[in-house]
Structure formats: structure tokens, C-alpha cells
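Common to both upcoming complexes is chain A, partnered first by chain B, then by chain C.
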Partner chain A sequence: MKVLHGISLEVLPGEVVCIIGPNGAGKTTLLRTISGLNRPSAGAVRFRGVDVTGSKPYQMARLGLGHCPEGRRVFQLSVEENLVTGFIPGRGKSFAALRDEVYDLFPILGERRGQSAGRLSGGQQQMLAIGRALMGSPELLLLDEPSLGLAPIIIHQIFEIVLKLAESGVSIILVEQNIDLSFQVADYVYALEHGALQCSGPAAKMAADPRIKDIYLPDLDAPS
Partner chain B sequence: MTSEAHPRLNPVRGAAALLAVPALVLVIGHFLPTYPLRVLDMILLYAVLGLGLNIVVGYAGLLDLGFVAFYAIGAYSWALLASGQFDIHLPFALVLFIGAGLAGLAGILLGIPVLRLRGDYLAIVTLGFGEIIRVLMNNLDGLTNGPQGIARIDEATLFGWTLATPLDFLYLLVGLLAVAFLFVWRIQESALGTALAAVREDQDAARGCGIDTTRVKLVAFGTSAMIGGACGVIFAAMQRFVSPESFTFWESLVIVLVIVVGGLGNPFGALLGATLLILVPELLRAWADYRLLLYGMALVLVILARPRGLIARDYGPSWLMRRLGGG
Partner chain C sequence: MGSLILQQTINALTVGSIYALIALGYTMVYGVLRLINFAHSELFTAGAFIGLGLAGALGVAGHPLGGVAVGLVTFVAVGLIGVSVEIVAYRPLRGTSRLAPMLSALGMAVVIQNAVMLIAGRRPLIYPSFLPNGVVELFGAIVTYKQITIFTVAVVLMVGLELFVNRTTLGVRIRAVAENAETASLVGINPNMAISLIFFIGPGLGAVAGILYSSFYGVASFTMGFVIGMKAFTAAILGGIGSIPGAVLGGFLLGIIETFGTAWMPVLTGGLVGTEYRDIFAFSVLVLILLFRPAGLLGEHVSEETMVYKSDF
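Then we have the complex of A and B:
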């Protein structure tokens, strides 16, 4: 079934791009198409200037694309084993170096390295899912609704990490329902509706756009 | 990689255990009369079959209900290549490799089309494959002698050592089990092991982690089939008679039960499961009429009490390794 219609999207190195839109707009499908889990019926995916349309997901991962799927989907293994699974050899950094970086970013994961991922809280599982994606030392990281079902304080922590990663040079495509925070971290925002691009622009400009405001940010001006 | 979940085996104690247990089995074997010795042989054979099937079912999480097909391919390899059927008499060691190789090849050829399927669908197709092989053996009269089977198979000779008595086979099977156990253990602890676990847990997420799931599943299917094939060769050499009757769906089911009862994805589970599944029906022979009833009840009780198997994955190897003094 055709879900996406003529969407054109671009991410520059170290940039955070946010995709917003209501449920069923095709945000997840778009990410899955970029990472090769879905095959586009038309159009192209280019990564670092190379046409990678139709590549298998594992090939994309080895090229430096990390996909942190919706709903976290951590493996029911220990925390560290999850990181082992995410590790992709031959991308420059050793397993131990990457693992220590992940534990530096998320100290709680280091403390629970031997525990089963199933026993972690939702926020910790999300951290693990991001950590697992980072084990492939990605240049582009796809984050599908990392705030889903998490407490506000955890969401803030995770968005701080997103900013930190972008500062370190990782490009990020973020799919989010949490519009407020997304606009704060994003450089550029694309708004989807019914699988088509509704509007796009730099985050600051988009936040001021009356159309976006009406649809997504109705409460922004309302006194709280 | 060392972590709490997978402490390293202390090499000295590990090696001691690795030598002591088989040695103990062999010593016991020397004191057993023929009938219990045959039962012990069968336990070891099913333990190896369980280890093989475990790669696919336990580690990769793919339910294979046609494992007996690979066992049959191995058995017929020895029956056809070392008997009067075509007056071919190849040496046992060679056929062991041929049988395992053919079975592995069949596993990969079956895997290429069916590994797109998941869950129940995969189970049904593999079940069908198991039956197809049996029906083929039953009907290819010119090749396999049909339902009459192939009798008067050669006595197996391994580098001048003639495998004649159940005790000889006990030595062979202990060796095979040790090799298979170490092999499966290595897989579990290797990158392939983590890849298999990822495939079992979530195929899409695994692909996103840079794992070529198709290749990983094919490797699992192929290696598992090879172990099944090797077991088949030994089975044929032990019985010196094969017929399609030995390779019914029931056999596939028993091997699945071995690992489900013992504990999926855990080499110790296969050992315990094989012991129970082969030993219990033999012990129940005294109550001939109620034998299958009691056997069934025992299995249901085990699954009710320990739904994840007697040695669940989490407390299997790691628990034993801590006992053995791992870090």
C-alpha cells in the first residue's frame, strides 16, 4: 500500500531534523524506508551522497545508519548483551570503547549492565535502545518517538542526550509527538499529514508559523 | 566479553568437568548390561539431536517440526553407501562427513525458501518437509528399498576400530556429544550467538542492528541440520537397519520435546531433556498398558511446573558457571 507521497527530506551533518505529524501520517514508515526496512515504490534514498535505495537494513546499519525503533524493542537479554548485539565491527571504534561511551552517556545502564533488559523501566529501556543504536557508531541516527510513554523528567534527560549527540556531530532524524520539546532541539522541522509533506522550515520559523501553531501548538499562547 | 550475565568459565575447573563427566559415563557404561547400555546410547544420541535442533529452535527461535528429515538423510547416507544395496562400501568416517554434509545442504536448500516465514507458518512447512522426506524414502523403491528398508548394513569401522557392541557406540557417542556440546557452546558465546538471540527476540530490531538475519538463519539451519545428519549416520550404523518407519513426525516431536522440557536455548537443557524423554518411557515399560498415558502425564506436569523448561535459559549455563567458579 502506498503510504508516502512525494516527500523530500534532507539532513545535514550534525543537524537535528524533526518530523512531526498526527498518528498515521507516515512518520514511522518514512523512517523505515530510510533504513531499508521498507522498500520505496518510487524515489531514492541517498546517504553521504551515495544512492542506497533498496539496500538491506543490515547494509544501511553497516554504512553508519542507526535506527532506534518505535516502542524501543530491546532484546530480552542482559543490558550489555543488547549492546553487543548493536555493535558493528569495522566502523573504527572497538566494542569496549563504544560501550564505555554509552555507559558515560547513560550511567544507569552501566550500573545495570548484567540485568535483564526486561526488568528495566521504560525510560531505561529507551536509553538502552538509543545506546544499542549508538554501538554501530552511526553518522545518522533515526529516533522513532523516544518520548513515548515516559515521564516528563526522563523525556528531558533523553532530549538532552539528543542534543549532546548532535553536538558531537551525529545527524539525527527525530520523529516526535512531543511538539514543544521537538521544536526546542530541532534545527529543521518537517510536518507530515496523510503521508504528504504539509510544510517544512527551520524550527524557529516553523514554531511561529500560524498553521503549525493552530494544528500542533494550540496551547502555546494559552495562559497556563 | 565478561559480564555478570555470562561469567567466564574457570578454565581448570571447566576442563576438569569436561573430562570427568564423560569419563564417569564411560565407567558406568562398562558395568551396564546390554539393554540399559542401549538405552544410554539412545539418551546420548537424542542429547546430540537436541543440541542440534536447539540452534534453530532455542537460539534462533524458529520452530522446526521436520528435524527428523535431516536425521533420515544421514541414516540413509550410511545405509546406501555402506551396504549390499548398491554394493558400495565406503569407510565410516567418510560417510559421517558425507551424511552431515548432505543434511547440511538440505537444511540450507530448505532454508532459502522457507526462512521468509515466521512462527506457525515456518513450523507447518518444516513439518511438511519432514514428511516429504519420509514419503520419498518410502516410495523410492529402487533407491531405498521402500518400506522394507535396508538391512545388512556394514559394520562401522573407524580407523581400524570396529564398532560392534553398544559399548563401542557409547565411546563414539560420548565423543560426538562432547564435540557437539563444545561446538554449540562456542556458537552461544560467539557473535553468531548474540545475532541468533537478536533474531529470536525481534527480527526487525536485529536487522536494524546491522545483522544480516537471512544469513544468520541459514547458518543456524545448516549447522543444525549437519548435526542431525551426523546423528543419522550413527543411528544407522548402530541399528544396521533403516526403514522409513524410524523417521516419522513422532521422532521430530520427541526431539522438540527434549529441548522444550530440558529448557530452550541452553545446552544443559538438551542433556537433561534427552535423559528424561528416553529414560522415562523405558522405566515405564513395566506398566505397558499405561505407559504412554503416564509418559504424557509426566510431560504435562513438567511443562505446568516449569513452563520454560527444567533448566531455563537464564539460570542455565551462567548458574553452572558460577558453581564451577567463574568470574
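Then we have the complex of A and C:
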């Protein structure tokens, strides 16, 4: 079944790109196509200028693509074993160095390194999913609804980490339902509807766009 | 009386060791692919015959140390056959339905069984024992060195497997693929690497079981895999298919049920039911466990998830 129609999307190094759109707009499908989980019927995926269309997900990961899937999908292993699964040898840093970086970023994971990931809270599982993706030293990180089902304070923590990662040079594609926060962290925003691109532009410009305002940000100028 | 129970326990542990080693192959493959590898029982047979051929070629038949070398080479040889079977018969059918790979597995069982028959012949062959001779008496029970060796080899292999799966990076990756191949691929693990490794280790263990089994009973025939394979499969179900400790527990438990059941049935029924009903026990256990506890003793709940991946991984 064809879900996406003629979408063109570009991410520059260290940029945070946000994809917004209602349920069923094709946001997750777009991420899955970039990772190689779905094969595009037409079009191409280029990573660092190289055509990688048709690559398997593990090949994409080894090239430097991190993907935190929808629903986090941490393994029912210990926290540290989850990090082991994400480690990709030969990408520069050692396992121990990357693991310590993840524990510095998310100290709670370090405290619970021996625990089963299934017993972590939703927020901690999201942190673990991000940490697991970081174990592959990604240059581009795909985050599929990291805020889903989390308390506002945890969401803020996670978004701070996202900004921190972007500052360190990691490019990020963020799929989000939380529009307010998305516009705060994004450099560039793409709005999808029914699998097609509705509009796109720099976050500041998009936030001011009346079409976006009407659909996604009605609260901003709701009649009182 | 006490020594009789002890004697039967020892016999049960011997046959249980064999069941457990074979059951591991069923459970590991199921754990990753949700597939019953019906060809596994025939790889057990192939192992026994490859071991026999090697022993003849090397001139080490009946020699325990030669048996170690034969066991190692056979493990690798049958492991490679297992890997090839997956690539040829199961991999192309992945992502279709659950039925197609199962039928393919049945087909592979027939192919391997017939290949063994064509090469080794239809008649049962006398098998040179690789196991040391001798007995020790233990509180009135007779324990043969053969039984001790079978149990020891099985336990060493199981402990080795447990350490590999739980303590090594490769083991962690295999468990990740078993849980969710798609997510494992997303984080950089090649699921086919893990699947090939499973299809190397499982049949390898089954092949060693084949050598031990034939050495113990002194005979090998090309049809011997079928019934013992079904019993090992029962052991895997009993313990909880997909669970490695479950396969070990199920194997030993089935050995105990079968041995004690067979020994006591004639006594309890006044000779009406004799020891020829040995096979009844294993399959009664299979029916009962499927009726009352389909997840097995250590298995996690079995849902109707189909594990048919709609994506490329």
C-alpha cells in the first residue's frame, strides 16, 4: 500500500528537523523508510551524499543512523545488556567509553544498570532507547514520538538531552505530537498530511504560518 | 527398594541428558524464528552416522579420547549442515506464513533421512562405543562409566551454552534478535548472523547427542531420529518452548517420567501393561501439557502472535 507521496526531506549536520502531522499522516512510515525497515517503491534515501536506498536497517545503523522506534521497544534484558545490543564496534569509541557517556547523560540508567529494562518506568525506558541508539555513535538520530505517554517533567528532560545532542553535532529527525515543544527545539519543521507534504519551513516561520496555527496551535490565539 | 529407585534415577538422568541436548536445538530455533525445526531429529541421526564414519576413517572407534575429537568435528560438520538447511529451506520462506516454513522443515527431515539411508544403508549398523567401559557401585545401584560420561558431557555442554548465551556479547545479541528481530536490526545487529549461529549450535548439540545415544545402545539406524526427536520435542514443550533452562528441565523430567513410568507400570497393573508401553509416557505428557499448560513449565505466555515480519530486517 502506498502511504507516502512525493515527500522530499533534507537534514543538515547538527540540525533538528521536526515532522508533525495528525495520526496516520505517514510520519512513522517515513522514519521506517529512512532506516530501511520499509522499502520505498520510488525515490531514494541518501546518507552523507551516498545513495543507501534498499540498505537493511542494521547496515544503516552501522553507517551511523540511530533509530529510537515508536513505543521505545527496549529489550527485556538488563539495562546494560540493552546498551550492549546497541554497541557497534569499529565506529571509533570503545564500548566502555560510550556506555559511560550514556550513564553521564542519564545517571538513572547507571544506577539501574543491572535491572531488567522491563521494570523501568516509561521515561527511563525512553532514556534507555535513546542511550541504546547512542551506543552506535550515530550521526543522524531518528526519534519517533519520544514524549508519548510521559509526564511533562520527563518530557522536558528528554528534550533537553535532544538539544544537547544536536549541539554536539548529531543531526536529529524528530516525530512528535507535542507541537509546542517541537517548535521550541526544531530548526526546521515539515508538516505531513495524508502521506504528503503540506508545508515546511524554518520553525520560527512555520509557527507564524496561519495554516499551521489553525491546525496545530489553536490554543495560541483561541478566543477567550 | 531404595537402591532400585536410585538405579532408576541414574537411568533417567542418562536418557534425560540425551533428550535435553536435543531439546535445546528445538527450543533455540523456536525462540528466534517461532519455527519447529522438524529436520532437527534427522540432524541428530546424521550426527551419529558422521561420527561413525569419522571414527572409521581415523581408526579411533571405541577410543574415548578419539571420541572427543570425533565429537568436536561432528559438532562443526552437522552445525554447518544446520546453517545450510536454514539458508536453503527456511530463509527464502521468511515473512510468508507460519505454515510454509513448517512444511519445508518436514520436507528437509525427509531429505536428510533419505540422504543418511542412501549413504549408510538401510540396515542398522553396530556402533562402536566411544564411551569408557566399567562400572561403579553406588549404594547398591550400578552406575556405568558410560552413563557418567553421557551425563557429564551433557552438563558441560549445557553449562557452556548457558555461559555463552548469558555472558557474551554474541549471546546478548542472540537474545535481542530472539525477542524482536526488527528492533535488533535497527540497533545494528544483523539478525541473520544470530539465526545462523542458532542453526549452528542447535544441530551441533543434537549431533553430539546422536553419538552419545548410539554409543550407549551400540546401534545406529537411519530411522532412529524420529521417535527420539519427538520425545525431545515433547521435552522442549514440557519445559516451555523457547526457554533454554526449560529444555534442560524438560529433558531430565521426561527422562524421569518415562523411566519410572515404564518400570512401575507392570507392577501397578499386575502385568497387564508391560514395558513395551515405554513410548506412551512421553506422548501422554505431550498431550497433557498441551491441554493444561501449553506454555510449559518455564515458558512465558504463548500468544497467537505470528512473528511474520512485514518489513525487511
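Simple rule for what comes next: the second predicted complex is superposed on the first by the 221 of 224 C-alpha atoms of A that agree within 3 Å, B and C clash if a C-alpha of one lies under 4 Å from a C-alpha of the other, contacts with A are read in each partner's own complex, and residues count from 1 in each chain.
In this text, a contact is a pair of C-beta atoms (placed from the backbone, for glycine too) under 8 Å apart; a residue touches a chain by one contact, two chains touch by 3 or more.
Quick caveat, the model's predicted, so the values are computed rather than measured.
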| item | value |
| --- | --- |
| Three-chain arrangement built on chain A, chain B and chain C clash or fit | clash |
| First, second, both or neither for A:His194, with chain B first and chain C second | neither |
| First (chain B), second (chain C), both or neither touched by A:His67 | both |
| Touching partner for A:Asn38 - first (chain B), second (chain C), both, neither | second |
| Touched partner set for A:Ser116, first chain B, second chain C, both or neither | first |
| Touching partner for A:Arg132 - first (chain B), second (chain C), both, neither | both |
| Contacts of A:His5 with chain B and chain C, given as first, second, both or neither | neither |
| Doubly contacted chain A residues - partners chain C and chain B | 35-37, 56-58, 61-62, 67, 69, 73, 75-77, 81, 84-86, 88, 132-133, 135-136 |
| Residue numbers on chain A that touch chain B, as the complex places them | 35-37, 56-58, 61-62, 66-67, 69, 73-78, 80-81, 84-86, 88, 95, 113-116, 132-133, 135-136 |
| Interface residues, chain A side, partner chain C - complex | 32, 35-39, 56-58, 61-62, 67, 69, 73, 75-77, 81, 84-88, 132-133, 135-136 |
| Partner chain A, residues of chain B touching it in the complex | 1, 3-6, 191, 194-195, 197-198, 201-202, 204-213, 314 |
| Contact footprint of chain A on chain C as seen in their complex | 169, 172-173, 175-176, 179-180, 182-191, 311-313 |
